[in-house]
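What follows is chain A paired twice: with chain B in the first complex and chain C in the second.
Up next is the complex of A and B:
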């Protein structure tokens, strides 16, 4: 399968007064064509920064210090801001987590979307408006024609999220990073938005990268998934193998902490400790202080993700030794949840 | 259509509400004016051979022999008919005197305000985009100086450097002076000038007081724009605008600035009031023939009709400015509806 985007050794640091925050410290993964990719991890693991780095819009005081992002045979990180402006929104788009803050409150939603279309396509104002109304209908905004002239505060949260998605889709991008598209929404609307995204993906034929911390969304939407932890990749694999046979202790711990709808409510298992301070990250494997399987070797070298099974990359150096134990633990946790 | 009728309703209501404010202000000033002293005695001070009959006649002539409330009602009655009375000192209808002064004051204050806003936006945006850079530090320090130093100090420095020193230095260097006039709004014989020369002369006279005023106004605006932009530039919608490929200029000057302007407008609304009221200082420093300058003169001579005329015009200007500012909110931020 061909890759639409290859991210290699991407490093994005934030130069704050307290010190250098290594938000991304050399992450690599490929996004395959026509395969919905999931980026999953806790808050602060670097999911959003990855998307912003790809688009070249890392906010101050952040800077991309190393790495390559290959898209259409070119390294995006070598492009000038002017060249990137043409790609942003047009070829690579992002929809943001919180729709109530990602739409500008002082302009009509319609004009904000029309602006993006007019930036990337050679159309008149009237044509852009028609295109906006079309896309508003595609995201199922009722009475799109009148709603074109309304401001963000006149929309409900669910509608606002759909409008934010509509804006990212307006110039028909090849690849869309959807940053936590359902986090700000309640559960009923969440399902609507997810369905809609799948529908739009088929309709416009774009590749989707779902950024989320919600394993449920990953299971529902994605075919391939990359698990991030503290600015490093833990593993990249197909969704099925990640859920059934994770090859990294962090993924296993993450899966164990997801409640099951089958069992009774009981104490959830949690991962001990907190995510590390990214100014002074732990030596070696970032996860070792919280890892049940950590040995001395884990403190020494910072492992890169390597292929450990077919199509399955893992960054755990001890995976061969601990694999059986890992699977046993996951199985036990799942059985316990199901039996109670 | 709905928008227009709503706007009209808003305007009518605000104007109706302004009427009692106007009369409240004039009543207070009227009372204070009478507490300040007797204009007839001031008028006749030092004039020899004044008999009590003359004083009595003069009082009767200006209706000063009537009770204070009756005089006020008489003033209001005349005001409604567009008659503001006759100046005690100039012996001319007050309205004829005040209109050219009002034009001079409004001209100076509004151009200074516009210049200050224009510069403050560019400087403030630059500072916000390069926080803690050398330029930003310099600008912020200067802004602090601008806020802290009173306008008459700026005015006197301005006159000293750009009128006095500039005049003598350029005369010595080139044989002819290059300077800005420190006094007045026009050349003495401006009535004989053809229009282009009249305009050039008016602008030349205005530059120094306008720049001095602009510096003191700008100081605060720069700080407001800077802090506003620092905040809005971090907002998600600015990142989203950038993410959709918009040019840098559009992201900054359209998406971020529009939101940063809201606190600025509040301040400009307040500043218009203080700028008109504070005009006496600037106009005295530059001998500018505006309301502020003559207002102070009228106070010295207790020229009641003139004081009331200036107060009335100032009150109307400030009330109108407030209504306009409230309307501007509605245009800049759709979340604020004019009600």
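Up next is the complex of A and C:
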């Protein structure tokens, strides 16, 4: 299948007073056309920075130091600010994690969306307003015409999140990065937003990249997934393979350490330690200090993700040796759950 | 209910907040928030009871009212048969101290619930010093024991909260709660603000401590997966009221209330083979100032009928220990 975007060896560092934070340290993966792609990882794994880097909006003191982002045959990282401004919103859009801070409190919600449309399309104010009302109705805002003139604080959290999504879709982008669109929401509101995103995807035909730490959201929404840890890719594969046969100890640990609504696991397996400090990241594989399978070889070289099965890339150098044990552990946890 | 040992009996608990609007002179009462409205449940000794529901449904307010952190508007709370609300209202300092030692609260956010200017040793020791439960010369041993129990090292005692990660801070919060040998712990979203790989550590720690010290937990959360993992029984709340209560497996698999069904079917399941029909509740949670008549859920319920808006449903008894308040249950 054709790739809509190819990310190669992307490195984004933050030059802080305490030292250089290697937020992204050479990540590569492709986003296929018409395939909802998931980016999963814990906080600090580089999910959001990936999206910000692609869009060229990495905040100070961050800088993209290396890599290529190929979109429509061109490297986005070589484009000027002006060219990127044209692309952003129009071709590539992002909806931010926290709608209560990403919507401007002193402008009406309607005008904030109209601004995006007027920026990218040659329309009058009145036409823009009509387009906004249409999109507000698409995200199921009741009384859209009247709500157009209201301010963000007059909306509930769920509505605000829907408006933030509406804004990022208003110029009909080809690809949308949705950064933790449901993280701060209650489950019932989360279901609303997820449903809506699928609806809109069908309606507008855009490609979706879901950024989340929730394996449940990945399982429900995505076809392909990239697992990130501490600024590196652990594995990229189809969602089915990642859930049934993960090829990286971190993914396996993540799957068995998170409680599930499907049943009780006798004892949650624990990933010891904490997320590493990215100013002084561990040598070799970033996960080795917390990995149950780590050997000396893991400390030496920083492994890149390579294809270990068809369509399945993994960055674990010992995957062939440990694969059986990895799958056995996952199977055991799943059986406990099923027998609960 | 059964003749298991009931440690806490909450009966018809109410907590209302008055809403006032400022006038030119003074202020005027304009409404009442029905935060906790006639809530009843029992907690058995040594069990973990889950309290679930969406934000704003009154989970935390229920806990705070039981603990006397905010005065109740009505109802009765019996702790080992003792009238707790009367103690909070007019008990002597000694009486209040007695119950404050028995019941502790673990807060949601370890970034705001630890005083940034106190070293860990003071944070953890304060409890047993105030309650004066050990000799001065044993305090240091006691502190190190507590730190060890929650998986921290003695050298952590001299450090300040900002020097710890989120998981470690939550361990400090738990050590502080344990410092006075409580019997009963309210854990208010103890893992919500932690990273996913750290949550398992804290949940396992809570389970271990419960076994070791025969603690009773009320676990407040909207994260249903963790509720399934650690709770024995679950209370589901909606807009200040209990709608369903029962053993954890029953609530997750044989729910009868349509709100519980909506909650259960809204959760994204981490299994790509189980694509299920998501039940989406459109509309917003109604305001607790003017809650809907009859069954409070009727405005969003997919199975609503005329009766639901008119009459408040009584609790129906299902299987063992399972109660639900719905006129037209799921099955």
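The definition used in the following text is that the second predicted complex is superposed on the first by the 334 of 340 C-alpha atoms of A that agree within 3 Å, B and C clash if a C-alpha of one lies under 4 Å from a C-alpha of the other, contacts with A are read in each partner's own complex, and residues count from 1 in each chain.
The rule is short, and it goes like this: a residue touches a chain if its C-beta (ideal position, glycine included) is under 8 Å from a C-beta of that chain, and two chains touch if they have at least 3 such contacts.
Predicted, not measured: the structure shown is a model, and the values here were computed from it.
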Clash or fit (per the criteria above) of chain B with chain C on chain A: fit
Touched partner set for A:104, first chain B, second chain C, both or neither: first
Contacts of A:309 with chain B and chain C, given as first, second, both or neither: neither
Degrees between the directions from chain A toward chain B and toward chain C, using C-alpha centres, nearest 10: 80
Which of chain B and chain C A:274 touches, first, second, both or neither: second
Which of chain B and chain C A:213 touches, first, second, both or neither: second
Partner with the higher number of touched chain A residues, chain C or chain B: C
Which of chain B and chain C A:297 touches, first, second, both or neither: neither
After superposition on chain A, the shortest CA separation from chain B to chain C (Å): 10
Chain A positions touched by chain B in one structure and by chain C in the second: none
List of chain A residues in touch with chain B within their complex: 52, 55, 57, 59, 81, 85-90, 93-94, 96-98, 101-108, 115-116, 119-120, 151, 153, 164, 167-168, 170-171
Touch list for chain B against partner chain A, complex: 234-237, 239-248, 250, 255, 258-259, 332-335
Chain C to chain A touching residues, read off their complex: 54-55, 165, 167-168, 195-201, 203-204, 207, 222-226, 228-230, 248-249, 252, 262-275, 278-282, 284
Of chain A, residues touching chain C in the complex: 42-43, 140, 156, 158-159, 186-192, 194-195, 213-221, 239-240, 243, 253-255, 257-265, 267-272, 274-275, 340
